[in-house]
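Lettered A, B, C, D, E and F in written order, each chain numbered from 1.
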Amino acid sequence: MEKVTLAHGSGGQATAELIDKVFKHHLNNEYFTADDASVLPNPQATLAMSTDGFIVSPPFFNGGNIGKLSICGTVNDLACMGAKPLYMTCAFVIEEGFDMDQLEEIVASMEKCAKEVGVKIVAGDTKVAGKGQVDQVFITTTGVGAIKDGIKTSGAYAKAGDAIIVTGDIGRHGTCILLERDDYGIEANVSSDCAPLWNAVDALTDKVKDVHVIRDATRGGVGTVLYEIAREANVGIKLENKKIPVAEEVRGVTGMLGLDPLYLACEGRMVIVVPACEADQTLQILHQSKHTENAALIGYVTDEHPGHVTITTEIGSETLLPPPGNELLPRIC
Amino acid sequence: MEKVTLAHGSGGQATAELIDKVFKHHLNNEYFTADDASVLPNPQATLAMSTDGFIVSPPFFNGGNIGKLSICGTVNDLACMGAKPLYMTCAFVIEEGFDMDQLEEIVASMEKCAKEVGVKIVAGDTKVAGKGQVDQVFITTTGVGAIKDGIKTSGAYAKAGDAIIVTGDIGRHGTCILLERDDYGIEANVSSDCAPLWNAVDALTDKVKDVHVIRDATRGGVGTVLYEIAREANVGIKLENKKIPVAEEVRGVTGMLGLDPLYLACEGRMVIVVPACEADQTLQILHQSKHTENAALIGYVTDEHPGHVTITTEIGSETLLPPPGNELLPRIC
Amino acid sequence: MCVGISAKVIQMKGNVAIVDATGAKRSVSAELLDDLKPGDYVMVHAGAAIAKITDDDENESKNLMEELLGE
Amino acid sequence: MCVGISAKVIQMKGNVAIVDATGAKRSVSAELLDDLKPGDYVMVHAGAAIAKITDDDENESKNLMEELLGE
Amino acid sequence: MNKEALEIIQSYQGPQIRIMEVCGTHTHEIFKLGIRNILPDSIDLISGPGCPVCVTPIDFIDEAVMLALEKGCTITTFGDLVRVPGTKLSLAQARARGAKVKVVYSPLDAVEYAKKHQDEQVVFLSIGFETTTPSDVLTIKEAKDLTNFSLLTANKTMPMAYEAMKDSCDAFLYPGHVHAIIGTKICEEMRDQEGVSGVVAGFTASELLTAIAIIVKKVQQGQPFFVNAYPRVVKSEGSLKAQDIIYTYMEPCDASWRGIGKIAHSGLQLKDAYKAYDARKVYDLPAIKGKDNPACRCGEVLRGACKPYDCPVFGKGCTPDHPIGACMVSSEGTCSAYYLYGGLKEWKK
Amino acid sequence: MNKEALEIIQSYQGPQIRIMEVCGTHTHEIFKLGIRNILPDSIDLISGPGCPVCVTPIDFIDEAVMLALEKGCTITTFGDLVRVPGTKLSLAQARARGAKVKVVYSPLDAVEYAKKHQDEQVVFLSIGFETTTPSDVLTIKEAKDLTNFSLLTANKTMPMAYEAMKDSCDAFLYPGHVHAIIGTKICEEMRDQEGVSGVVAGFTASELLTAIAIIVKKVQQGQPFFVNAYPRVVKSEGSLKAQDIIYTYMEPCDASWRGIGKIAHSGLQLKDAYKAYDARKVYDLPAIKGKDNPACRCGEVLRGACKPYDCPVFGKGCTPDHPIGACMVSSEGTCSAYYLYGGLKEWKK
């Protein structure tokens, strides 16, 4: 079984071979370069640009791998601005000794995921770090997108009365990774929600121009995103506890560990805020799009308690959603 | 002394504080976003896009640090295409326990370096990896630049008769890092050549439109870049050994370890190929620009031995420069 | 103190019970309870089954309220 | 075999010589040679001074060639 | 849900009733369900000392940090303790300085870890009340062939705490899971011998509302009372097996409750026969006297003598991200719950 | 530079002169200076067996890999050995599988490493000819209080190799740094007793051209000859101290030369008194019989019996990035030098 060695990161012959056999083989397109920089035609649009580093451990998980994740993450960040993802770069840091077949599987997933939304990977970089200097493989992707005409989203645009929609059940990715790490001895069949959502956003923004906010709930989960919106727009957000979609298994796992699914990472879920009158159409379009079939309306923007998110509980009382906190740790009390 | 903790990477409050206090504090500008993606005006030009991951160990070295390096690297890659660096993103992976003051020093260096060439850092990302899962700090930067009108560079454009210029003495960065690691017990005062070269390239391309190749000699050194050019353009390259500028101390260190300075990394040196008739003007402009004061003509493009680089040695013989190889290791034989 | 979750015993392995809480399975110590068997519901805390559960909460509340209001 | 570099002894510390090869300094073993002192030039290989150098290469070659051609 | 209970609670207009929810999980669930927001002003819920993290003295964290950083031990712990501030460092901060800190779900997982890492010296931070203690000490049985596993103990028992708190309230909301272990005779005795009232409560919306409704009704009747409102889990005799396991390995001792002080016979320590599993003895720890932050009013908060927002640093210097006192650390800590859930009504103040 | 020497060399038109440069560093420098390209066809330079890496048998790499991966040792080594292929793995590949491999500049740095990492079992790969061996064994003196340091030895000596190669050439270009240690009496003896000619050469352009010019002139005179053309470094007696150090710790033994086979008394092994520093004994290594790749013609290349480009895999299956034989691994290896430097003239063929 071939392994990645320091020679593959030396910038010499072995690096060139790795680029040809793995990266270029899967990611090639008219703009792909192994050079200093890729040359790209003027996109004639307002641009969106985003970057994210991916360090998921383990790199392969139920429903995906770090390669798929690294494409979805940046595609979704661009989609949040209503931007069609045009070009992406990816920078790998690989641990000496990483399995070459696994690397290829990762890159193949990137290819597949990039194809799904039509984004082109135009440049890359490969570094090999000595054994123990990095945990298997890190990928940083950066994307540039063209913002669709007439679409203008921002956390600051949420308005009292707007409907809040989540594009599927929450907390799957965080739960999945927690299970894969097997730190807590829990078994459950929870696959990651990791998915590229541009096509759904594209379909939505074709019909609904007045989308106020699109934000992907990644690290920090839906709860963190809702607080960001509440603070940026200085509005209140009122959720209905029973409408928040959570898979049974996710409930079981989080119940055992004392964690809140609202704060567990997703990698293929967005919070979408639209005027209440557009809520039905929005749901309808999302229900017909891939990866957003189970979108649900979970609450409304209000002008009460600006900067805060509240939940209507099962006893009909309104309570604060605890604001985003710290490292997630299981608790006994 | 404050340390970076996992909480700083959780995506919650501590992350937000870190972004505000360190990143936003130093890197702020009208496009800087802590959001999903930055929104940027249509640059109305052909674009260049480049990414690189930086994993230098140690992160602080004689003449710079990983922050400065990460800006220079991407600025220079864009400059190689004749592209004015417009926007950059930076993604950090920080080891739990990394010193907060050091992090701030790194970011302050990025600020200074970005300002020197007028590039704006528009988006970032911060992940914290558990102790031992990453070696102190990794930074990936990605840049987008606007290619100057009329400038078209590529390794493939080198033509027989062209002059080959290197913008300063070679192998300093590689030697500096090797000394900083102190693996071989050698002491020498060698500072890194790490520098952002856009201003020099900008000045050059204002006057000399017909620049054929600009390539920064990073990992793999000047030797690797020359071979890339020889192969891409299918030309020969003939160097004059005695014209290749190498600092005395670099000669001493590499002599002791049996390494060739032509294959040691630079982080602020470019190989520039221009028609022979432009060589004097090119040198003159470079000699007046910051970081390229010691530019030197080291050889010519030929149509002999296409794909190869040769050196005229001190006995007047012509020999092959060994093609780029593998991991650099000191040797006794 | 004492986050608990109710779970169904799906298998016994000596002193250990495999329990299932809406799809989340884990082995927990069965040493604090007598005669656990598959099908039992237990309250799980910190990796141990600390009590058998003999009714559901709504039903229990109903009974208690009837008693209270009947006084 | 045997990459060597000539270097100047700049300091003696017991069995160890600090040598300087055009600015690259390192401590090397002085155990293979007698009576090294600062100012001496030595051939360094694998962290040891393996020989004192008593002349420079151009001068040596000149002498040798004179001898050869004088024969 | 329980409409009748809600009705009883919301329509109460009599004299002030002070109910102390002893259990941190009750505090947490009460906030999460928004129960405080639907209470009339005449019912006051006081959060008692029932979060084992909150009452763990700062010395204990200092001992754990010393074991990790100076003795080179691997610390295994419930997640709850990781961010609790010590005098100088929390375990999270120690980890950032190279300490090995592994979070486990169950104490038995710590033993598994020690089995798999025989080159490491593994210490489990044994905290908790009667609910958790049986699992804590079961590790000794499991670790019987190991020489690299020990416990740093700070286990506590409830009855003496009830005693110390009984004048702070009209009735206790007794912690359901503690009584699942120790049974309910102690509650009947307190009622009969000392006139202390209380209801054992479960943790769901129905169970909590029912328990509060029972208190409201019974207080009005004027007699000391006790009701087990969690009979589906809590039996009169508790779990005899669990009690037996606790007292096989441990014996009562005096214990410091952070913010409250020393309470005689309110703690548990390992018996001398098990000193090979006692980290303090194995690593010959010196007596450590940790220094509490003087700004912190946790003690008064835990006794119900003041509310979190009466503390001058609440929500300012002291937040869950930068806790000063222990009550701000655990999500069950009273200050933390007040900060995080706000309890809209009170939070608006 | 040396114009007269160049003139002598380039104007030579007599019968073929075969010069064997024994030393790998000579091979390397000759290529780097482009000397081969200015030689007339009538002078042929043959690269001999003087690269200690190239002649190190594959078994040695297999032993090192076994120490690293199976015995858990930390391997300290000159950089040259890291990529040499073993039967299954090189040390670089072993490192990618978790082996600890640390490159050092000096053997004494390996001892320093062992002192600083007393929890690791450190093995130094002791290779080299007389130039390197004194530094290799000085480690034993330095490591006298250490129990975690040992040597895996494959040291070799030159004289028997001259003996084995003497018929392959008209004159040796003797390795300057070997003779800095062993002196030049051996060369005089070979001239006087066996009629073997040669010149001790230094490594600069001047020195190499001078030495070759001397050979060209002297060969034409028809008498066996010896000239020390590196007197500024090489003295007649060599370094007595260095010789003494070698034979304090080591004694002659038979040795396998990769590609050439066993040569009696051509190796050095640790004396029994130092068995505590002999990794083979410390770790009780089994006898390993490594398997050379049958395609490789290194043996013939090393004897000058063929040129690298006569090997069917040269530059195709076998390149410095994917070496098959040892001669392709070290930058001093003959095949590697031919591949890398091409020697334009020959490389065009």
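Keep this in mind: a contact is a pair of C-beta atoms (placed from the backbone, for glycine too) under 8 Å apart; a residue touches a chain by one contact, two chains touch by 3 or more.
Labels paired with UniProt names: A, B = Hydrogenase expression/formation protein HypE; C, D = Hydrogenase expression/formation protein HypC; E, F = Hydrogenase maturation protein HypD.
Given the structure is predicted, the values throughout are model-derived calculations rather than measurements.
The minimal number of chain-to-chain contact steps leading from chain A to chain E is 1.
Using the contact threshold fixed earlier, the set of chains in contact with both chain A and chain C is E. A comparison of the B-F and D-F interfaces places the larger number of contacting C-beta pairs at D-F.
Among the remaining chains, D is positioned farthest from chain C, on the basis of C-alpha centroids.
Rounded to whole angstrom units, the spacing between the C-alpha centres of chain C and chain D is 83. Averaged C-alpha coordinates give centres for chain B and chain D that are 37 Å from one another. Chain A and chain B have CA centres that are 31 Å apart. Mean C-alpha positions place chain C and chain E at a centre distance of 21 Å.
Of all residues in chain F, those that touch two or more other chains are 24-25, 51-52, 78, 83, 92, 105-106, 109, 128, 132, 209, 321, 332.
Contact of a single residue of chain D with at least two other chains is seen at positions 1-3, 26, 45-47. Multi-chain contact residues, meaning those touching two or more other chains, occur in chain B at positions 5-7, 12-14, 184-186, 256, 258, 323, 325-327, 331-333. Taken pair by pair, the chains that touch are A-B, A-C, A-E, A-F, B-D, B-E, B-F, C-E, D-F. For chain C in complex with chain E, the residues that touch the partner chain are 1-4, 26, 28-29, 31-34, 43, 45-48, 50-58, 60-61, 64-65, 68-69, 71. Here chain E touches chain C in the complex through residues 2, 4-5, 23-25, 50-52, 78, 105-109, 128-129, 131-132, 134-135, 138, 175-178, 180-181, 202-204, 206-207, 209-210, 213-214, 217, 227, 229-235, 239, 241-242, 245, 332, going by the rule given at the top.
The residues of chain F lying in touch with chain A in their complex are 83, 92-93, 95-98, 319, 321. Here chain E touches chain A in the complex through residues 1, 6, 24-25, 31-35, 37-38, 51-53, 78-80, 82-83, 92, 103-106, 109, 128, 132, 205, 209, 320-321, 330-332, 340-344, 347, going by the rule given at the top. Against chain B, in their complex, chain A makes its touches with residues 5-7, 9-15, 35-55, 57, 76-78, 80-81, 83, 87, 89-93, 122-125, 127, 129-130, 132-135, 138, 140, 142-145, 147, 154-155, 215-216, 218-220, 224, 265, 323-328.
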